[in-house]
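In what follows, structures are represented as structure tokens.
In the two complexes below, chain A is the common chain; its partner is chain B in one and chain C in the other.
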Partner chain A sequence: MFPALLLVTLPLSAALLMLLWPRFARSLHVTVALLSVPLAGYFLQQILLHGEQQWLLGGWSPLLAIRWQADSLSALLLLLSALLHLLVSGYALAVQARDRLPAAFWPLSSLLLASLQALWLARDLFNWYVCLELLGMVAVALVTLSGDKALKPALNYLLFSLFASLCYLLGVALLYAGYGALDLPLLAGQLEANRLNAMALLLITLGLMLKAACWPLHIWLPAAHAAAPAAVSALLSALVVKGPLFILYLVWTELAPQAFWLPASYLFALAALGALLFGGIAALRTPYGKSLVAYSTVAQLGYATLALAFVLRFNLPEFVAALWLFVLAHALAKAASFLAMGELQQTLGSKQVSALKGASQTMPLAMFAFAVAGGSLIGLPPSGGFLAKWALLLGLWQSQQYFWLLVLAVATLLAAAYVFRVVVLAFDRAEPTAPDFAPQRLPQYLALLPALAVWAMALFSMPLLTLLKQEL
Partner chain B sequence: MLSFYLYLGTAVLLVGIGGLGLWRGPELLRRILALNVIGAGIFMLMVTLAYRPVMQGEPADSVLHALVLTGLVVAVSATAFALALLGRLLTRAD
Partner chain C sequence: MQAWLLDYLPLLIVLSSLLPGLLIFTLKEQQVALRTFLNLLGVTLKLVLVFLMWQGVKEGESYYYRIAFLPGADLILQADALSLLFVVLSSVLWLATTIYAIGYLEHSPLRSRFFGYFSLCVSATVGLALAGNLVTFLLFYELLTLATFPLVVHRGTPQSLAAGRRYLAYTLSGGLLLMLGVSLLHLLAGSPDFTPGGYLAPLLASGSILLQVAFALLIAGLGVKAALFPLHGWLPQAMVAPAPVSALLHAVAVVKAGAFGIVRVVYDVFGVEVVRALDLAWPLLFLAAFTILFGSWRALAQQDLKKRLAYSTISQVSYITLGVALLGPLAAVGALVHLVHQGVMKITLFFCAGNYAETLGIHKIRELNGVGRQMPMTSLAFTIGALGMIGIPPAAGFISKWYLGLGAAEVAQPWVILVFVLSGLLNACYFLPVVYRIWFGVQYSAWPSPQRLSSRFETHWMLLAPSMFTLGLILLMGLFASTELSPLSWSELIVEREFSFDD
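Let's turn to the complex of A and B:
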């Protein structure tokens, strides 16, 4: 109980203290980021040793209390969020003077961490609503940090996010009308396949798919993620869109009656098909560097949606493993590519992809980080992206879905095309640089770190797979 | 019993009106207001649902009341945030 509680309350109380004493905001933020990682690591170890844990907050009866539950998946996601938060904090520290990052970044990103950690732990439909609202509003506030040009995409993001929350809330209210409970384990297996529940689940799914930017509900994402400062884009793409996906997975696998699984799997498969093809094509065509990375997020989320569709259709452990491996690999790779792309843009002074000409000579480290992360996005062995794709392929092969093998091949080619679009340009001959051209090295190394971590995932594939498969 | 259905119908109507306003747009202020109307509809639905036990002579469902209170706090702060963003957007556009 104690480490889990600290993981949420530490960043939350720190964020409030930062608002009271803005002078100490940075040091408080770094302290909390540093403390969270060993705490999350210790918590994961405890869960692996003693198995799943759960608490009813405040000691109320399950009908009133908010239930927190931590299985190994939750603990893994807690650790991932803490790690990426620490990394992005380091990056923000390194670039804040140059990029004029507003001081509001520190409390906001602490709040983001607190709401994410609470989301991974909660098993209560209404508590998830509160977490989602908090996450959405903090994310929008973080997008506005890059100044006036970000206001329009931020407001659009906010409107979509609020509408999505209201859809989710309406669905939850309809479920409560039927069963009088909000607690996930209490509701699990209770739902009958009637019209009211179909309506409620449809609303909940619509809201969550909007927030998770599943195609065709992704339209807010590219503008918002591209307009944000690089550190924020990395957090948003790597972690924030995964929160609603986690809820979607739990709602469908634990709550929804089996009779609805097949139609839902078709819906998710269709969304995945659109994301993989159109997300990839959009990434190939956009003239701006950060939009390219943002569209790549839309495309990569397609893999996770596809895995979810097949979890519902065939219920093989391979698909569950593939879903969470994609989430882990994408989080690391996307953090690396956004930080690298932000660094390239900031130093070379242009948002256009064409400005990256010769970047392999002018900024070899950042370009290397982008290419290495891109390798995982494509799914080159032995990266984390390959591991996830391999699990997905195994499952597809076992369930004889040959059409989807073809789709995966096309999606992989598209990913290769948009990554190589940048890499090829970077290996062109560089224009002569100005005499005072001096890129900062530390932020580039920080961008490289998660890119290397995603390749190291292959070394830990066995423990990761056993950890994820035992969820079934 | 009749009043229950009247309130339920009004709640559904509010959600519908808000949804229509959000769809039609296109001014951002109208969309923010439409979101509030949808929110009001949903809260009304929840309050009406909380009234159901009263018809059987039991006390009203206080869990739903608590949810509505939490939802109101969230809705007020979200609206304030959206309006502040809109205000900044409009002053910068001039």
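Let's turn to the complex of A and C:
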């Protein structure tokens, strides 16, 4: 339990210390980011050795105490968050002079890490509420870091986030009124399929779908993710939207009575359909580079939502595997594409997609990172996106969902269209650059790193599936 | 050679072009000598390794390399006689094309990027040839798309970007269909290694519709690259790419990847028996026959030399598909040997078209009048290549068409022979006037943009030598078809060893 506790308390206390001693903010932040990764790795190893672990904080009875629980999935997500946080910290350090990142970035992103890690560990409805609330607030604050122009999208984000938290809290309160418990394992299997519970679950689901930007509740996301500084966008798209998805998965598979599963699966499937099609089309049409990447997040979340819908409908391991493989692959690919796109925009000095003309010559590294990450978003082998799509395809063939196979095909083509919209432009002949044009290399390499990682993912499909405890 | 090294031979053959390619990306534009050295090093290494492998496979050895990939479907690189046919073809023609490209792109910008992707493209082709199961094949099929796209758009002009978009739209859709088909088959039968005679026969009893769907998906996916009608639309437009790219795309890499895949699917995944039992050969046969005639017919109308060659490719590659779909041993020999012969002949023609364009600025067919006196060597190569395409002995094309015709007669499909005759006539109609113009036409205006590329030869030696080399291959393959070294004998060996025909 000790490493798990450290994973949360280290960034939390560091964030507080940073507020006290702003002068040491950066070094504190980097220290924590560096420490978190081996710690999370060690923790994952412990889980693999000793199996699932759980603790009741403070040692009280389950009714009072907060329950933390970690299986290999949680440990994997903890490690992923720590790794991406370290990567983004490195990127922020490399570009801070040029991009003039405000000092508030360091404590805020440490807080972000703390709330995320707590979210992966918690198994308690109210504790999740606290994590979600903190996560939302910190995310909004991070969006505002890019200055006045980000205020409107950030305010929007704040309102949606607050509304979502409220919905979630209402649902949780209804459940508490009925059962007097908030602890997930205590509640599991207790809920009857009555109207009150239906209402409660609907409210919880609504709140979580809003936070996870499931279509059509995604409208706050593109503007907010596009307006934030590149380092922040990467964290938001790669990790923050996955938190509510994680809760959604656990609430539905462990808490909700089976009688509700079918209607819920239709709801999720509908949301997935909209996300895959309209998210893709929007990414294809938007004139701005970072909006393109943000809309791609909306579309890609559709795959995860679709997998969730089928987890509820068919008892196939393929769908559970597909869900988490999509989350992992998307986190890596999206971190890479946001960092690459941010780097391209900052260096070339324009937000427009059209400014990327000839970027394969002027900034080959960043463009390569974007293209490689895009390959995973499309699902080209041997990337992580391919692995996830392969699992989903096998599941869909097995359950004979031919309509959804068609949807998957169309969504894949849309993803190819929006990725190659940028890549083709980059192969255009470049305009001559100014003589003092000297792109920074380090941030570009940092953007390339997760992109290469996601392409290596499929080669480690067996260990990954073992971690997810699924067999294809 | 060490035994442990032999285990890695298939991997080394792929890496021998991949690693130099990756290194080339990092080079600066001015490092011409180093780049050329890396290119030639890769080519030489690959040829040596391929030679070793060829010797081994001839002796009946097998090479096998496995990396863990998807659950139930490892990445497998293996060498059988069929994969070696394609490996040898692509490695030898890569040698010619690399030298040609070095000469062709002298002084043009962005050469590091070009040669980097060029090497990746050959690596993907060789990987595809050595692929030991469908999942591995799919992987390299997609990588080939990604590696060739930058070559198609290399010039960065609006036309080439439009062509690149179209190319991607077609090939990525094709890859998607292939992926759907592969995943369906994986679910039905797993992804075992390619097996002579196929591995799907046990499934016949439990329903045929899904198998038919899988076959249709696979063939549609492969048909895009093999330019089967109506999936051929990308090919004529992709002509805007530089000449060495067109040569490589048409002769070896892309269209052949599709055709090779069809051979694999019919013989090593489904197997002749299953294809017969499911009635799958007919649609493929008709489609291929139609594409042959359609391509030739469209080629007639083209006034641009490269465009005419492009439509000719559409037609000629379908000979391979047709030979496969006939499901007879002789037709199979014809199809396999045509895979090689068409490659060598088409690459010669593209080299020549590139020579005309680079040396004299000739793009249109009517500008070719009297070019035979100005560039006799190139024109000789073009003439032999064209005659071979028509199927006139002693060029190589005659051999393959002869076997295809025999194969059609063997399985009692005389109408197919009629298709061959008709297409041969059309071939003559679109190639002979060009040849006539070259040698007997009267030059009516000055050459569009003549350049003096060499003081001793009619053009730069690096442009001339590859076309002479492939010209020699055409004649040798035609004249010595019955010797043990010829592609014909090798194709017979493949059919004998690996395609299980019961009769």
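In this text, the second predicted complex is superposed on the first by the 469 of 472 C-alpha atoms of A that agree within 3 Å, B and C clash if a C-alpha of one lies under 4 Å from a C-alpha of the other, contacts with A are read in each partner's own complex, and residues count from 1 in each chain.
The rule we apply is simple: a residue touches a chain if its C-beta (ideal position, glycine included) is under 8 Å from a C-beta of that chain, and two chains touch if they have at least 3 such contacts.
Everything quoted here is computed from the prediction, not taken from an experiment.
Participant: Scan A:Met137 for contacts with chain B and chain C and give back first, second, both or neither.
Facilitator: In the superposition, A:Met137 contacts chain B only.
Participant: With both complexes overlaid on chain A, does A:Pro382 touch chain B (first), chain C (second), both or neither?
Facilitator: A:Pro382 sits against chain C, while chain B stays out of touch.
Participant: Would you check which partner chain A:Leu155 touches, where first means chain B only, second means chain C only, and both and neither mean what they say?
Facilitator: first
Participant: Counting only touches as set out at the top, which of chain B and chain C does A:Glu52 meet: first, second, both, neither?
Facilitator: neither
Participant: Have a look at where A:Leu413 lands relative to chain B and chain C in the superposition and call it first, second, both or neither.
Facilitator: second
Participant: Look at A:Leu405 in the shared chain and tell me whether it touches chain B only, chain C only, both, or neither; answer first, second, both or neither.
Facilitator: Touch partner of A:Leu405: chain C, not chain B.
Participant: Where on chain A do the contacts with chain B and the contacts with chain C coincide?
Facilitator: none
Participant: In their complex, what parts of chain B are in touch with chain A?
Facilitator: Against chain A, chain B makes touches at 15, 22, 28, 31-32, 35, 38-39, 42, 45-46, 49, 61, 63-64, 67, 70-71, 74, 77-78, 81-82, 85-86, 88-89, 92.
Participant: Can you name the residues of chain C that touch chain A in the complex?
Facilitator: 67-72, 75, 110, 113, 135, 138-139, 142-143, 146, 150, 153-154, 156-157, 161, 164-165, 168, 172-173, 175-176, 179-180, 183-184, 186-187
Participant: Spell out the part of chain A that touches chain C in their complex, as residue ranges.
Facilitator: My answer: residues 358, 360-361, 364, 375, 378-382, 387, 389-390, 393-394, 397-398, 405, 409, 412-413, 416, 420, 424, 427-429, 458-459, 461-462, 465, 471-472.
Participant: Quick check: in the complex, which residue numbers of chain A touch chain B?
Facilitator: Answer in residue numbers: 63-64, 126, 129-130, 133, 137, 140-141, 144, 148, 151-152, 154-155, 158-159, 162-163, 165-166, 169-170, 173, 176-177, 180, 182.
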